[in-house]
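As written, the chain order gives the labels A, B and C, with residue 1 at the start of each chain.
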Amino acid sequence: MKQINEMKLQIPGKSANESFARAALSAFAAQLDPTIDELADIKTAVSEAVTNCIVHGYRDEIGPVYIHAKLYEDNTLTIKIRDKGCGIPDIKQAMEPLFTTCTTGERAGLGFAVMQSFMDKVRVTSKPGKGTCVVLTKKLLSKGAGNA
Amino acid sequence: MKQINEMKLQIPGKSANESFARAALSAFAAQLDPTIDELADIKTAVSEAVTNCIVHGYRDEIGPVYIHAKLYEDNTLTIKIRDKGCGIPDIKQAMEPLFTTCTTGERAGLGFAVMQSFMDKVRVTSKPGKGTCVVLTKKLLSKGAGNA
Amino acid sequence: IGEIRRYLRDNNSIRVSRSLRDTAYKAMQTKEMLTNLHSKEPTIEEIAETMGMKKEDVVLALEAIVEPVSLFEPVYS
């Protein structure tokens, strides 16, 4: 599939940048002129993935978060979100709804479930001690399709 | 001066990305809570610099444009915009108002003048055959209407 | 009720471009209103707060109504 545009973004993993990352990705996705719902889905999924890098990947330190987004001719958007943090020992377990390693009760363990329900595809790779990479894919309704 | 945040962005130098770069930079600058006018100044300067990378730096090819923005504690914003294009042989001359190497009459030779009038500082470095780097600096003064 | 439901459903499939334009115009009106009220230009945060929106969303919307940059106007106007 032909790629029509891409962008690479690097930000320090601090919580202020969660909303910036969301805004940057919306500006990028806006090129496909998605529906309001589609854009909201993308923003939510990106938030979850970036938050995971910050709170789980780096925990008490601040490390870099790398985002690589691509747009394809068929209206598909892929977003790769990567950290160089602690990694995930058991990805299958981590992706189970309600599974969380957070002990303060602040997190519901639904981040991956949210990403999966809002995007078409979620691919996770990780190496303990090296970092984690999440690739989100969504095909947007082409203009006019759902919008009679 | 203490840096409070930064972001690095890499995009292919195609004209669609001029508006994306502008949007990403305004989302980043929004952290300093500027006025709409201040944002417009920043966006205009960024547009001129990114356009220069695309139309002059790379001319008929499409190469990467690198943007590195930093926010400092004293409300200063710096934006470095860099290409790996043809470079500028005589920077002093290039920055003179009305100087342009564009022969089609499409460009007015005012890009650098615009950057200089809308930002506090414009620093240009360049190496023919290697590329060009423009650093834009602006200190935001907005204190807002409510908390005058 | 059918009308309302249809409106709601259609609403979900409104393209972002249109919604951004609406937000941007509202932001410019809000800016005017606050400027007149305080005799001072409001910040983006104050505008967003007045509109009940997020700062980022207002900023992105403003990008949607940017006129193509004229190389002449900024310097001489």
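One rule holds for everything that comes next: contacts are C-beta pairs under 8 Å (C-beta built on N, C-alpha and C of every residue); 3 or more make two chains touch, one makes a residue touch a chain.
As the structure is a prediction and not an experimental result, all values here were calculated from the model.
Participant: Based on which chains touch which, is the overall arrangement a line, ring, star, complete graph, or other?
Facilitator: Chain contacts: complete, every pair touches.
Participant: Comparing the two chain pairs, does A-C have more C-beta contacts than B-C, or is it the other way round?
Facilitator: By the number of C-beta pairs in contact, the winner is B-C.
Participant: Using Cα averages as centroids, what's the distance between chain A and chain C in whole Å?
Facilitator: 26
Participant: Distance-wise, how many Å sit between the C-alpha centres of chain B and chain C, to the nearest whole number?
Facilitator: Each chain reduced to its C-alpha mean, chain B and chain C end up 24 Å apart.
Participant: In chain A, what residues contact two or more other chains?
Facilitator: 20, 23, 27, 30
Participant: Quick one: which residues in chain C touch 2 or more of the other chains?
Facilitator: Residue numbers touching two or more other chains: 56, 59-60, 63.
Participant: State the interface residues of chain B toward chain C in the complex, per the touch definition above.
Facilitator: The touching residues are 19, 22-23, 26-27, 30, 33-37, 39, 43-44, 47-48, 51, 97, 107-108, 110-111, 113-114, 117-118, 142-146, 148.
Participant: Please give the residue numbers of chain C that touch chain A in the complex, ascending.
Facilitator: So the residues of chain C in touch with chain A come to 10-17, 19-20, 54, 56-57, 59-60, 63-64.
Participant: What residues of chain C sit close enough to touch chain B in their complex?
Facilitator: Those in contact with chain B are residues 27-28, 31, 34-35, 37-47, 55-56, 59-60, 62-63, 66, 69, 71-72, 74-75.
Participant: In the complex, go through chain B and note every residue touching chain A.
Facilitator: 5-12, 14, 16-17, 20, 23-24, 27-28, 30-31
Participant: Residue numbers of chain A touching chain C in their complex, please.
Facilitator: The contact residues of chain A facing chain C are 19-20, 22-23, 26-27, 30, 33-39, 141, 143, 146-147.
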